[in-house]
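The data blocks that follow each hold one structure.
Two complexes, one shared chain (chain A), two partners (chain B, chain C).
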Partner chain A sequence: MLKENLQKLSEAVGVSGGEKEIRQLIRELVGEKLAELTTDPMGNLSGVLRGTGAVPGFRVMVAAHMDETGFMVSNVGENGMISVLPVGPLDMRYLITARVHVGEKKQNGVLLWPPIHKSNGQNAVPGVETVQIDVGADGKGGVSASPGDRVGLIGAYAEMGAGLVRGKAFNGRAGCAALIGLIDALIAAPLPYDVHFAFTAQEMIGARGARVAAHRIDPQAAFVLRGTEANDLPRPDNDDSVAVIRLGGGPAITINDPTFMADRRLVAHLREVAESDNVPYQIDARENGVIGGGLVSFARAGVPVGVIGLPVRYMSSPNGLLNLSDLENTIRLLHGALAALRPETLEN
Partner chain B sequence: MTDKALVRALVEAWGPSGYEDHVRALIRGYVEPLADEIRVDGAGNLICRMGKGGKKILIAAHMDEIGMVVTHIDKDGYGRFTGIGGLLPATLLGNRVRFENGTVGVIGLEGTFDISKQPKSLSEFFIDFSDGGASRIRVGDVAALTRGMEERGTRLIAKSMDDRIGCVVAIEAMRALKGVQTGNELYFVFTTQEEVGIRGAKAAAFGLSPDYGIALDVTLAMDTPKNGANAVKLGAGAAVKIFDVGHIVPPVIKDWVLSTAEAHGIPHQLEILTAGTTDAAVIQQTAAGIPSATISIPTRFVHTTSETVDVNDVDACVKLLVALIERPVDM
Partner chain C sequence: MTLKFDLKTHLTALSETHAPSGYEDQARAVVAAAWHPLVDRMDTGRMGSLVGYKYGEMPAPRRRIMLSAHIDEIGMIVTKIEKGFLKVARLGGTDWRTILGLPVRVHTQSGPLLGVVGTYPLFDLNGGAASTFPTEAAIFIDVGLPAEEAAAKVRVGDIVTMDAPVFPLAGEKLAGKAFDDRASVAAVTACLNYLQGRRHQWDVLAVATVQEETGLAGALNEAYRLQPDLAIAIDVGFAAQPGVQSNFQPGKGPVLSLGANFHPALCNQILEAAKRIEMTLDLEPVPANSGTDAWAIQISREGIPSALLNLIIRNMHSTVETLDLRDVDRCGRLMAEFIAGLDANTMQSIVWE
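Up next, the complex of A and B:
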């Protein structure tokens, strides 16, 4: 079930600000399990799983983002080539000749790139702002898209060896799959308080959705799931000077980003739960890359936030690699952390 | 006169951004007898109310200091780290860091000793725990630079004057206002996570929804060789913020602060800062807008272990703050 959901979630299109398709899919997957399922003005989908009420007034938010990086059509040329703008951080080294879906009609396209023997010397990786998309049209009339339409990357989802799967958009969708898995786990064993689920919009362009969702939900604590770059690649001379996040190493409990310190009580809580429940985990102390959890902490009069990273190799490419055991262990960790969380955990 | 023992206690306390618990407990001990009500909000801010009714004024000073997080411990036991806040690579080699559990490490630089080497990135540095010390440290643990305070005439030299000296100004003002019916509802807020993005003050401002904000923070004293012209000088009084990169002080607020300083004969100088900002930047932009001032304590060598202030400036800042809020504020 988890695997099937992950594949569907990965394959759905949902470039930041254009999350309609992925939101609809999550609505279907969540079905009637969450109460008050609502799409807010930012495009966040949220709903609540009622607890037994034994701890009244306590509200916890769990969030993962629905959106993915991609492009937006800025102009359709007379020759049928489509000019685009980047949506979210894109690494062009991964995207030369990438396959894409253009607009809601999903016209098939390819990122234009001259072949090396006819390139007139244009062999450098193109700047993201110079990208054009070729949909095979012989003129403007052959293009169904218009400016503002989103362009989504196509990732061929596949199962690989050693429990790994390949796909696009794992940065957000792995977390979405974990949250959907968590719903079933919590229905089987209800918590004493309400858990609010938020599938957030526009994370890749500055965590805009998460902040609004947190303001609406007004939780006493929040856990944010997201992808984190797995850098467990061969290193020259077995260099041992940098931190390594490994596929299969378990969920990555996050300490910080350059603009945010995760709540130390929730960091300690996650660590304790991982150790007592024998969930493998790693620690992610980040030197760069701003994570969405920081903006949740900004909501209203401040929300304690814990962040859990799901390790993904080649994360900003259409060919991310994810270890299914990390996904399962993320659900276990978050489930355990919620089950053990009480208002007293957050007392000063 | 500035309570130097208070300054020492605060600057020598341990509290990088997000890990302000010890500083908060320490400050709480000082302000407990002074405030009418004390609480800690969701962002970890220590909120101390004095008085009830009248204009609500948020006075913010941040508790956190810059520091580092251990990202990796190698097979030989050397730690690698990333910065919390604006850690300056040029200040690190040979400096000492202290962890919450008391473990002290020394910061070293990769490679052979080379007097001409100019480290540019934190990734070139490591922490030497020596003597098996790494066994007491885990990846994700947080450290701060460590150094005791020195007194030299009117000058005080220490780490973390940024912004514990602002906390001192707030506590001294609370002491001065104990028992005074100011006609204002004063919220002295000791804020969190300023150094990583002014996080605590944002939450406090939203939660309190005050009429006015006043930030207390250090500013760069520029009266040192080849520094700026027409700049803030150490010992020349409280620095009244006019402009920084995140905060243009509204004219009515500026006039209020300056006219108060003049009316009370408090030494002051005008501050225009082109690097950095304070809690006031986010307080001012919260909700429908909260007009805000900043009173700055001139400080040399900011973000080093030898941040230097002058007690006469600290006194002037306390006097100015008290003069601003000791009677009903109405603009």
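Up next, the complex of A and C:
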């Protein structure tokens, strides 16, 4: 189930601010399992899994973002070529001849690139403003999209050897798959308190959805899942100058980003649970990009946040690599952390 | 006459086959299966080029025309296995800039492994390096296996190809890999298919050549062995797009090249054939080296009058080479019309003043 869900989640389109397709898919996958399934004014999808009520008044939020980076159509030329604006931080090195879905009708398109015979020696990575998308139309009339429509990247989802999968948008969707997996685990063994699930919008353009979801849910604590760049790549021997997060090394308990410190009590709690439950884990203190946890912590009068990173290699490309064992261990870690969490965990 | 076979299916099979220069076996098998019902016999040259012979009606010794399109594609070859990651060198003109983050297949002794072309994440690089493409030294193939397993499965010398299914665009346009030059091979197949319903005097030697991307070797060898009277090479030509000066776009028919590589009388007769079937045939001046099979064929033995037909594509040497299927069909139809017009006296008109 986890693998099937992950593939569907990875392949769905959901560029920040245009999360309709991915939101509909998650609604379908979650079904009746969550109560009060709601889409809020930001486009976040959230619902609650009721506990036994043995710890009354305690509310915890778990969140993962459903949006992904991509483009927005800025102009359609008379010749049918499409110009675009960036949505979220794009690594153009990975998008030179990308295949894309244009607009809600998902018209197939490709990014133009001058052949090597004509462009040899051009070593500067081109800016998004130079991108031209070709849908094969002979003129403007053959393009179904218009300015403002989103353009989603297409990956080549596949199961590889050694428990790895390849695909796009794992940055958010791996966390979505973990949360959906967690729902089943919690239904089998209910917690003494309510857990609010939030599949958030607009993470890639500033984690805006998560903040609004946190305000609405008003939790006493939150756990945020996200992809984190696995950089266990070939390096010279004895080169330990770069902090490394390994694919298959387990969930990465995250300490900070450039704008935010994860709650140290929740960091300690996650570590203790990982140790006692024998879940392999890593510590991520690399300040690797702004993460959704930051804005959750700013909601209302402040929310203690723990962040768990799912290691993904080539995360900003349409073909990231994810180790399914990391996904399973993330569910285990989060499950264990929720099961052991009590209001007292946050007192000191 | 209508095509009996489905050109799109044929081209898709050709494109999705994995066969870089020097390792053309899979492509040759696809071509052989397609040509089998369309020719009188086939053989394979010493270097691996496939020849289909479709005999004409004139009394022996019959004149022969060679149609040359190459079946190899650009690719990579494993040079080193470093902590489970594969370092590779290029086979032909692979453009490193276009393949980062794209899926590949590594062809090992025990079968293909799926992989991705990897490089270092931006946050591991300093600001300057992030704005330029990684150098060859910072690019590797990731098959996702632990180091020991990768080392056990992959050998230095294994080949790597892009894993890019054909991607349909609007109308009859298709994007995909290896349309350079298997789209031209498909045009030759279309020609053979059109000739099923026509009478022709000359023998047709349909040749799927090898190792074009690494130096025209297949065409050179087969022109020598077959000694044709005339030759037409079919290859891809540049479409106009940002960064490329060209007068051509996909969908407007094949383009005929003019220049020192081509016999003017032969070119004129191809233009006349186009007129007979009311087909537009634009012209592309090529002053010297055409960089195609025609360049090698022309100087084989005592010299072979040669011509070049181009299928116009965008994004050449990428996994989204983009063409219009109608051009492939038109090119096949034009060659069939030209071939049907060849007779016992044709060579007397392929002369200089």
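As a convention for this text, the second predicted complex is superposed on the first by the 338 of 348 C-alpha atoms of A that agree within 3 Å, B and C clash if a C-alpha of one lies under 4 Å from a C-alpha of the other, contacts with A are read in each partner's own complex, and residues count from 1 in each chain.
As a convention for this text, contacts are C-beta pairs under 8 Å (C-beta built on N, C-alpha and C of every residue); 3 or more make two chains touch, one makes a residue touch a chain.
As the structure is a computational prediction, the values presented were derived from the model and not from experiment.
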With both structures lined up on chain A, is it a clash or a fit for chain B and chain C? fit
Which superposed partner A:Q24 touches (first chain B, second chain C, both, neither): neither
Who wins on chain A residues touched, chain B or chain C? C
Using the superposed model, determine the angle chain B, chain A, chain C defined by their C-alpha centres, to the nearest 10 degrees. 130
Applying the document's definition of touch, where does A:D138 land relative to chain B and chain C: first, second, both, or neither? second
Can A:R300 be said to touch chain B (first), chain C (second), both, or neither? first
Considering only the touch criterion stated at the top, classify A:I283 as touching first (chain B), second (chain C), both, or neither. first
According to the stated criteria, A:E229 is in contact with first (chain B), second (chain C), both, or neither; which is it? second
Which superposed partner A:R264 touches (first chain B, second chain C, both, neither): first
First, second, both or neither for A:W113, with chain B first and chain C second: second
Touched partner set for A:T345, first chain B, second chain C, both or neither: neither
State whether A:T39 touches chain B only (first), chain C only (second), both chains, or neither. neither
After superposition on chain A, the shortest CA separation from chain B to chain C (Å): 10
Overlapping contact positions on chain A, where the chain C interface meets the chain B interface: 242, 286
Along chain C, where are the residues that touch chain A in the complex? 82-85, 93, 95, 97-103, 113-116, 118-124, 130-134, 140, 142-146, 149, 163, 167-171, 173, 175, 238, 241-244, 251, 314-320, 322
Which bits of chain A are touching chain B when the two form their complex? 220, 240-244, 253, 255-256, 258-264, 267, 283, 285-287, 294, 297-298, 300-304, 348
Give every residue of chain A touching chain C within the complex, in rising order. 91, 93-97, 99, 107-119, 122-125, 130, 132, 134-138, 142, 156, 158, 160-162, 164, 166, 229, 231, 233-234, 242, 247, 286, 288-289, 313-319, 321
Where on chain B is chain A touching in the complex? 17-19, 21, 24, 40-45, 69-72, 74-75, 80-84, 110, 122-123, 126, 138-140, 142, 193, 196-197, 199-200, 202-204, 206-207
